Amino acid sequence: MFEKVLMANRAEIAVRVIKGCQEMGIKTVAVYSDVDKKAPHVRMADESVALGDPTPSESYLNIKKIIDAAIEKGADAIHPGYGFLAENPDFAKSCEAVGIKFIGPSADVIAKMGNKIEAKKIMEKAKVPVIPGYHGSKQDIETLIKESKKIGFPILVKATSGGGGKGMKVVRREEDLRDSIEGAKREALSAFGDDSVFIERYLDQPRHIEFQILADELGNVIHLNERECSIQRRHQKIIEETPSPMMSEELRDEMGGTAVRAAEAVGYQNAGTVEFMVDASNNYYFLEMNTRLQVEHPITEAITGIDLVKWQLKIASGQELNILQEDVKPHGHAIECRIYAEDPTNGFLPCTGTINKIELPEGPNVRNDTGIDEGMTISPYYDPMLGKLIVKGEDRKDSIEKMLWALSRYAVLGIKNNVPFLKEIIDHEAFKRGDITTHFIDIHFKDWTDIKEQLPVDALIALAVYDSMHPKRDEVVKYKESDPHSPWKSAGKWRIGV
Amino acid sequence: MFEKVLMANRAEIAVRVIKGCQEMGIKTVAVYSDVDKKAPHVRMADESVALGDPTPSESYLNIKKIIDAAIEKGADAIHPGYGFLAENPDFAKSCEAVGIKFIGPSADVIAKMGNKIEAKKIMEKAKVPVIPGYHGSKQDIETLIKESKKIGFPILVKATSGGGGKGMKVVRREEDLRDSIEGAKREALSAFGDDSVFIERYLDQPRHIEFQILADELGNVIHLNERECSIQRRHQKIIEETPSPMMSEELRDEMGGTAVRAAEAVGYQNAGTVEFMVDASNNYYFLEMNTRLQVEHPITEAITGIDLVKWQLKIASGQELNILQEDVKPHGHAIECRIYAEDPTNGFLPCTGTINKIELPEGPNVRNDTGIDEGMTISPYYDPMLGKLIVKGEDRKDSIEKMLWALSRYAVLGIKNNVPFLKEIIDHEAFKRGDITTHFIDIHFKDWTDIKEQLPVDALIALAVYDSMHPKRDEVVKYKESDPHSPWKSAGKWRIGV
Amino acid sequence: MFLKYEYGGSIYKVEVEREGEKYYITHDDNMYTVTAVEVDKGFLQIDLADREIKCVVSDTDESKYVFLNGEVLEVVPIELTGRKMGKDSDDEEKDLRSPISGKVVKVEIDEEEQIKTGDVLMVIEAMKMEYIIKAPWDGTVEKINYSEGEQIEIGEETMEIRKED
Amino acid sequence: MFLKYEYGGSIYKVEVEREGEKYYITHDDNMYTVTAVEVDKGFLQIDLADREIKCVVSDTDESKYVFLNGEVLEVVPIELTGRKMGKDSDDEEKDLRSPISGKVVKVEIDEEEQIKTGDVLMVIEAMKMEYIIKAPWDGTVEKINYSEGEQIEIGEETMEIRKED
């Protein structure tokens, strides 16, 4: 096993991985940019190295600085977390070059799966179903129009180098084809410096379902069941659950087997995730493979009892995966909510500010993965995720109840966040029925607002009590202090908080 | 389901039950004595009722006050937790009398199982193995000596009304019999006002193993596997785990079946626990039945995924137990440590004081059940348990690693506690081997002390830094403030924290 | 003590009198007698006749947050002078009206006097509390509508000021 | 700044000089140059040349607690005057010896003067810090061993006092 692992990340995932290492007796090194000097991941780690300038390219995306830190501290492995350098083949290669183990698959696998077109070709060859489409290199409009017609409508035009929603268009009618393709190409060019697009059949009422994979370096591959990740806003997941309410035992076996085949097809090693799109008739198609730990990995841990981070470490250090597929016997149901500093009433725009007060829900089968503290400032430099709230229940109903309870006790004051929004989704009848697609939020929460008609009288009472306990009316105080002739000086009846 | 449940208890168990109710949408009422006015269980509950005087008989043991509180607030059920009134048949009867559901078995069952001699008779009849012994009403010394000889040595003399270690003697030689029996009787009389004793075969290298039972009001009874509770000090458990390292699949089935038979024999309802003593040859004997939720219930919850508190509520409200024995499929391994304000270097004497600072370990599969807060005073009125730390791992080794990590991050400053002691037990080679009996602490930790030879230099550095950050030398400050002629006034070079 | 909060575009006014752990709170002609303790920093436990309120209150320079029944309510406190705290107030909110009904206890300026933004103009007392009217703009006092000792009603203009351009 | 702590029956002496986030700490002839920040209340992050210390320090009236490497160490701070804080000190610990080596900067009493417990008798300076010798008992000053300006060594008797019965 490794002696010392450097965590090339920040916030909750750095904290989570550091804990896993510490349990196994592995020393940990944190890296941090200037704004993270006092962050929990730095506090947790045994040692830490400053990266300087908070700009990602100068800190958590800076391969040289991070490799240098690992060498300086004598780390024998690096865990990349997710985001930042986690899926950067150059980073994996750089680690290898200096004899430091990169905890994840090989640079080659990362590169292959990072190129969506190549990934699909590999999957097609391995008989993994992919969405019908055109991924060719001929990028002239006429070819693209011709290919689109072959696939049949609706179709999706998407930037080859893309991510998120940029350079992505849905086309439902032939007459809109040309405009949409040209538009997607323009967007792709300006966003990614590359105007190539691919075209795919667009799925109506799609679900996003993914399978967790564990593969050791000896060729053993298993899956740890699915995660249902259809609840998304701006094409990003905010609520995940397992098992999926749409999943049957048969379909799980079939899709799980396909996921394992997909991983085997690329010679995958370590933890990874095969993402599928599933349509209303339960046809499923390979979407992409994430060659790293997922944000939502805790729900899989909750129901399988398997610690994915520890297995990442064990596998990377050459241990055999001694869990057989038939040993994977999940129980219960788990949900994760991602708590973001964002404004659901304003296009989910990230919010910055200082966390004034935190009260997290604690209880049986409630897990908080966070990397925040009271007094901490959420800066615009990084992802505005404040933390993840994970619950596990005996069944889906129980776990929904627990999540509602936990969200109703999740207080992050001082910065706008999506807790009230998450609560209303979980409490929504359609969600409770399991009637969810990736369009769920667009359909049910189009013009959502959390402002009530009326401030509840109990809040007013609380404010009044609080303000008479802590009188703090700026102007008054300033006036008293600064002006010797202040009328307050002689105001005998003046009293606050008597 | 109930509308509103009153929690007739305090501290961590009150908090835990309140959370369970809240998840199920049940309103909760807390009761509190004067010293608990600001306690977490009061803060958590929807409503609360003051009981006044902190003396247990005037507060948490006062049946009338608690029933009145339940009536006043319109509670339709009462959860007794453990300790206090949990095994008091009069309390259960009083609840019944005013039409409030007592969450637990009937008063009759509580009474029967509360009388250890009667309990054993019932068990013998149900073919549940009991320790050979004499439980007769003839209490003259000669009879007791004669019966002792029939049983064979070593024997245990124990107070009939006893608990803990009072009125309890082990006799290994015939010639010590008379003195020991007389001694036990004297102790029993002074401790419990009743000098009757019983005699039993004393087990060498005994383990304490118990089975969790769930029984509904329709006659369905299942067990949820065992808990190994051999690690005890002063005859009280401090570390529990499940599964037991000594347990085989066959023995579990057999003992579990016996536990179910024991519960059925008394017409048991709700959650309960059948305790066994197991000797070195895996012979097992019924010890007693606890007719309530156990302190250590969370480890069973951790490995089975079944929420015992919620099932207590469901069963008490008449729902059917729809979990079949074959549905109980635990995974992983769980350990609980009980964190007490006590001094392991001084006979485990309870400590009182104020909690100055708390930092609890948080992480995947780490559960903290506590009812304490920073600034809270641990009074001599109640049990000095500060909280319970529960971890779950993939297997015993993993769960030991996690517990060691968690204990090493469990900081309760300001009051002496047993965290360092617990850590050394968990880290002990014999514990790691699973080589444990109820004598474990006596054998391995006889003269344990946590004082080191030498204060580590890092601690000294930390203190020096802290004290120059927060200069706070009482006398100096007082002197400066109170004496206008203080030499400090003119001491130009005086500087602290510059 | 008078307090004003803005929430969802409306202004809420509350009056509170404190006696130890007891608070007499008046809002919209309803009087609530409550006892309250702060069990932990910002964590309030408030007992009313018919219910208990448990909540967390926290404040930043600009807002106050109430965490109540699982929801975070963000309100903006309004200054004693009738203006919002923290943020610069909009011009249309700058006015010279009395924020309360009470007695004028001091008039700090004379008619035709030159004043600067922030100067104290008048002090009004109500319910044993005093409120300051400050100059919202630079300018000249044109007319003072109330003199010391006079009663003024909430919303009445205390004086008129000729703004400087 | 001089500090003394008791742990496990021994007394530990430390000297610390602070310059912003830098601390120069001397103990047992070893000098440690460290930088330290308090990242959260009582939570210290201390960088040494060869390692990082992360710990929580907390104090009550009687003790200080250091939570370090998973262990709680309870130490008793010793007063500047050489006596323990908080608790009443035992008689045998009440003495008039200098807690440091330094210079006598003030002598507040004269020989044959009546004194009361707690009276300031002498001030000794060392390393830019001053230490007070207070009267541990009511009594009369019999002999003053050092006068202002003189050097005194650690452990030397500052004066002799005839205790009142």
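The first chain written gets the first letter, and so on, giving A, B, C and D; residue counts start at 1 in each chain.
By our rule, a contact is a pair of C-beta atoms (placed from the backbone, for glycine too) under 8 Å apart; a residue touches a chain by one contact, two chains touch by 3 or more.
Keep in mind that what you see is a predicted model, and the values were worked out from it rather than measured.
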So if I look at the partners of chain A and the partners of chain B, which chains show up in both lists?
C, D
Could you tell me which pair, A-C or A-D, is linked by more C-beta pairs in contact?
A-C
Chain C and chain D have mean C-alpha positions lying a whole-number Å distance apart equal to 51
On a C-alpha centroid basis, what's the spacing between chain B and chain D, in Å?
44
Multi-partner residues of chain A (each touching 2 or more other chains)
none
Can you list the chain D residues touching chain B in their complex?
1, 3, 5, 7-8, 10, 12, 14, 16, 18, 23, 25, 27, 30, 32, 34, 36, 38, 42, 44, 46, 48, 53, 55-60, 64-75, 77, 79-81, 85-86, 105-106, 108, 120, 123, 125, 128-130, 132, 134
Enumerate the contact residues on chain D facing chain A in the complex.
37, 39-40, 43, 45, 51-52, 54
How about chain B: which of its residues touch chain A in the complex?
16, 19-20, 22-25, 298, 301, 305-307, 310, 329, 331-332, 362-365, 367-369, 392-394, 398, 401-402, 404-405
What part of chain B is in contact with chain D in the complex they form?
353-354, 356-357, 359, 407-409, 411-414, 416-417, 419-420, 423, 450-476, 479, 483, 486-488, 491, 493-498
Would you tell me which residues of chain B are touching chain C in their complex?
37-38, 42-43, 46-48, 373, 375
